[in-house]
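The structure follows.
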Amino acid sequence: MGETIRFGVSLDTSLLEKFDKLCEERCYKTRSEAIRDLIRKELVQMEWEDHNQEVTGTLTMVYNHHQSDLAQQMTEIQHQALDLVITSLHVHIDEHNCMEVLVLRGPARDVRSIAERLTATRGVKHGKLSLSTTGKGIS
Amino acid sequence: MGETIRFGVSLDTSLLEKFDKLCEERCYKTRSEAIRDLIRKELVQMEWEDHNQEVTGTLTMVYNHHQSDLAQQMTEIQHQALDLVITSLHVHIDEHNCMEVLVLRGPARDVRSIAERLTATRGVKHGKLSLSTTGKGIS
Amino acid sequence: MGETIRFGVSLDTSLLEKFDKLCEERCYKTRSEAIRDLIRKELVQMEWEDHNQEVTGTLTMVYNHHQSDLAQQMTEIQHQALDLVITSLHVHIDEHNCMEVLVLRGPARDVRSIAERLTATRGVKHGKLSLSTTGKGIS
Amino acid sequence: MGETIRFGVSLDTSLLEKFDKLCEERCYKTRSEAIRDLIRKELVQMEWEDHNQEVTGTLTMVYNHHQSDLAQQMTEIQHQALDLVITSLHVHIDEHNCMEVLVLRGPARDVRSIAERLTATRGVKHGKLSLSTTGKGIS
């Protein structure tokens, strides 16, 4: 974690009141933690703007498991990018719908690309890539 | 503006270094100003989640001015919602393309609705609503 | 799945060329599949604008596992919302960083709320809620 | 505009019903127009992912006009980037708050950069860049 540094922040009372309300609604225990989260959110967005930066992400897909060949096609695409896919999780939503969540890691450009390819597979109703981080340097 | 209050924020050195780099890149003169901006950005997002909250916004549309009747249709829609449209700005982009920017103000739900309706008009190539604020209570 | 219906869409050649290039880059096998995906993406966004709509989502969190008590706190919050958390997945990113992915399901408002609460926990560096769907009615 | 081409799209009845409802809510006169808009929205997003692509955008800023020197600072920044700023529009929101909307044009990277710099100016409560297009090749 390294050393902790403390510095002062100035806010007008009316802005501070609104910020304190936000902290309360989201169950932040301290203002510092809320501010750290706002900073880290901004930093993670910047990581993804650099196409070569190593990132992590999760791809959430909902699909109809009656679609023939779909599972096999998705497996094939994943095997062509073994270095990007860390693991996957499967959830049965109802009689027709399944969810598959893949944890991805690699250069931002490659993670986006495999997510787009999987989402484009016929039978995948919805695919959404969530942009996360390896957490390196973001303490 | 009201009274200004100062409080302490704790960050690990590695997070602080990244934050200071962000401040420098975006030309923030003080850490306080950067943190105020992060807080205000979050507050404005929350305003828009409340469908009844009074907000402001700008709608940026790009369209082909050769499209017959388009200007007239857009004017008609705007006149049916006079209380929402404060003003508009027109820019000639090239021989074919025009940009029109509308400044909107009203309940979040109504502002979204007129923006969707204008964007749906045939001939409008791209319409994008930018979510802003009246600035009230956000000092 | 139900019956399939076919209807015609008109595009200018220049827009069609750009669309075909997009389909190729994202490995869509047919234009129909790409268009279905664009429609479904829009529908899922609309589901989340209705706070009471039943949705699914995944919350991706990156945290430092050296943070004492963190795992316990996160477990407690999840147990207070057992009906919202379907399952979770854990990945070791490096010596310091872990990723935890939760699959959530419930009214949009409640899913957002628990995601915000978990993200606010001290030690969670980054939390990102990915908005998905139960897939119902979205064939 | 060029020639218009017509091709067939297949949808399941349940997806088509939802799509038709979306078209009605947003006042689309034809399915074709709604589909063209979905395609163009995706294309504009892709333009902005290419940092060198020429784009247009609008920057909406809300600020307190009592803040001394603010107008002058903003003018100076704009004059250092004359080639990016096409025009601007000013709206008085209330006794304290003003809105300024800038129409920007240039490489995506440069447009983002000046928008960040202006937003970072002390006294600007909220700045939001709306990503648009020159409309070239998007008919």
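Residue numbering begins at 1 within each chain, and the chains themselves are lettered A, B, C and D in the order written.
Simple rule for what comes next: contacts are C-beta pairs under 8 Å (C-beta built on N, C-alpha and C of every residue); 3 or more make two chains touch, one makes a residue touch a chain.
Note that this is a predicted model, so its numbers are computed, not measured.
> State the superposition rotation angle between the two copies subunit C and subunit D, fitting on C-alpha atoms only and giving a multiple of 5 degrees from 0 to 180.
To bring subunit C onto subunit D, one rotates by 180 degrees.
> Distance between subunit A and subunit B based on Cα centroids, please, to the nearest Å.
Centre-to-centre distance between subunit A and subunit B: 25 Å.
> CA centre of subunit A versus CA centre of subunit C: separation in Å?
Roughly 9 Å, centre to centre.
> Would you pick out the residues of subunit B that each touch at least 2 other chains?
Correct list: 1, 40, 138-139.
> Line, ring, star, complete or other: which describes how these chains touch one another?
ring
> Can you name the residues of subunit C that touch subunit A in the complex?
1, 25-30, 33-34, 37, 40-41, 44, 56-58, 60, 62-64, 66, 86-87, 89, 91, 93-94, 96-97, 99, 101, 103, 105, 116-117, 119-120, 122, 124-136, 138-139
> Under the touch definition given earlier, write down the residues of subunit C that touch subunit D in their complex.
Listed in rising order, the residues of subunit C that touch subunit D are 1-16, 18-19, 22, 31-32, 35-36, 38-40, 42-43, 46, 137-139.
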